[in-house]
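This is the structure I have questions about; it appears just below.
We just call them A, B, C and D in the order they show up, numbering each chain from 1.
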Amino acid sequence: METITPYRRKTHYYETDQMGIIHNSNYFKWFEEARTDFMEQIGLPYHKLEEMGIFAAVISSYCEYKVPITYGEEVVITKRITEFNGYKMTVEYEVLNAADNRLCAIGTTRHCLMSRERKPIRLQKEFPEVYNSLLSWLRPKSD
Amino acid sequence: METITPYRRKTHYYETDQMGIIHNSNYFKWFEEARTDFMEQIGLPYHKLEEMGIFAAVISSYCEYKVPITYGEEVVITKRITEFNGYKMTVEYEVLNAADNRLCAIGTTRHCLMSRERKPIRLQKEFPEVYNSLLSWLRPKSD
Amino acid sequence: METITPYRRKTHYYETDQMGIIHNSNYFKWFEEARTDFMEQIGLPYHKLEEMGIFAAVISSYCEYKVPITYGEEVVITKRITEFNGYKMTVEYEVLNAADNRLCAIGTTRHCLMSRERKPIRLQKEFPEVYNSLLSWLRPKSD
Amino acid sequence: METITPYRRKTHYYETDQMGIIHNSNYFKWFEEARTDFMEQIGLPYHKLEEMGIFAAVISSYCEYKVPITYGEEVVITKRITEFNGYKMTVEYEVLNAADNRLCAIGTTRHCLMSRERKPIRLQKEFPEVYNSLLSWLRPKSD
């Protein structure tokens, strides 16, 4: 079975705040980067989806900050699709310190698949290959 | 009883994305702005708290996006402290379209009060006036 | 003669960096806010221009940082159109500390007026009222 | 002679605006990333410099946008130190489309080397090894 390479990135100075840590709002940008990277790895780069007319609007986002991350550190972000029914999709993330694999944050984003005009799309019928690909990467939480 | 003026702000072009709406990560910046505005209105401007040695680290943040917000629109953000025990604080937000009061998003941030060195502080003992002020603004959810 | 109210805004925590000052990239967002505010004051709100099919693409931007600005401070941003020929426009900015009017930064942005498809537009011919309005606000530098 | 690997990065969805291109303010973040990458390659990672007490405050920044960059494209950023006298440093950048090497933007940032307390430092005397390293990478413009 294919595996996904976790997304790895450095932290940037412009992401810090005066408390000397990465500002909380940046984690949602990181989730997007990690999600984009995931989509690319599974053969569905997001800009191609948009060209096809598939938009994955964010309907909620959550992050829990466990250990502050500082400038100069690198993070590794794992992600998996934990829910997917053809209309809605949930992606979960773990942000690890790349140096010691310490869990620094967890997060969740929920998405609704829609057309450019923000109408719901029936992925299974209209884009079966995309539907099947996403479905094959579904990894429900066992607990 | 004193009341709090909701925080009102315009949306900025640089906050839009190519879907033509405000990008999801900005809502967490808006929550921070609204929270800061609230703290100032209740006489505890956040930069003063930091000078006193009180830091309100964000330990989790959540946003649910109900109606997209576009450039040119104005938003009104209401907020209230729904939990506070002297160590941790929960703030809840509602983002309304200023033109028609339509609810566009809701959100929650949780905070831990700590020292500059990220040690827990006992607000009630060390800063009783701050403790009492925050406590007086506690508005638990009734439901 | 009508005058323009300078744009005033607070600084935000999320705009700081770990040096304890506002990060340099934010000034370009402030310039955009100030420019947008100016356009609104002169009766040409930018989102209306876009609806009419007029886009003011940024072709260069410059900022000189003279005095660091910190969280908790407020800034006042003055701006004026120093060049305008119907195709291109130059806007200059001054960022002052609102507390003491101390000059903290100066900046310049240059813009090209174009259609949605990024084609040049002849403002004077196609949108004479916009052209005349912008022209009336031209304030060339005397030095 | 050692060479520097240009900095390569993808563009992010959150960097786009509703014009469908990367928003102009992001280029200054990219310059910072490229500069940081450069410093790391020459053995002077910026977070180490800060630990040593050397801060490179940005005193001006400039960007000229030649060709819009869109989401899904990758950019390559070259940079070189064009001026350095032990106190001040100028870095110049070129942003190329990674697919076809087309020049999309050029930029310049100027920096002042200072202590944490924002006092000037005499790099040559106080940190000769940093001074010599930066000097060895000076590439004045010949034209």
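Assume contacts are C-beta pairs under 8 Å (C-beta built on N, C-alpha and C of every residue); 3 or more make two chains touch, one makes a residue touch a chain.
Note that the coordinates shown come from a computational prediction; the quantities given were computed from them, not determined experimentally.
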item	value
Furthest chain, CA centroid comparison against chain A	C
Chain pair with the higher count of C-beta pairs in contact (B-D, C-D)	C-D
Rounded Å distance, chain A centre to chain D centre (Cα mean)	29
Inter-chain centre distance, chain B versus chain D - centres from mean C-alpha coordinates, in Å	35
Between chain C and chain D, centroid-to-centroid distance (C-alpha), Å	25
Interface hub residues of chain B, defined as touching at least two other chains	13-14, 19, 25, 29, 32, 71
Graph class of chain-chain contacts, one of line, ring, star, complete, other	complete
Touching residues on chain B, where the partner in the complex is chain D	13-14, 16-21, 23, 25, 70-71
Complex interface listing, chain B residues touching chain C	10, 12-14, 29, 32-33, 36, 45-48, 71-72
Complex interface listing, chain C residues touching chain D	19, 24-26, 28-29, 32, 55, 57-65, 68, 118
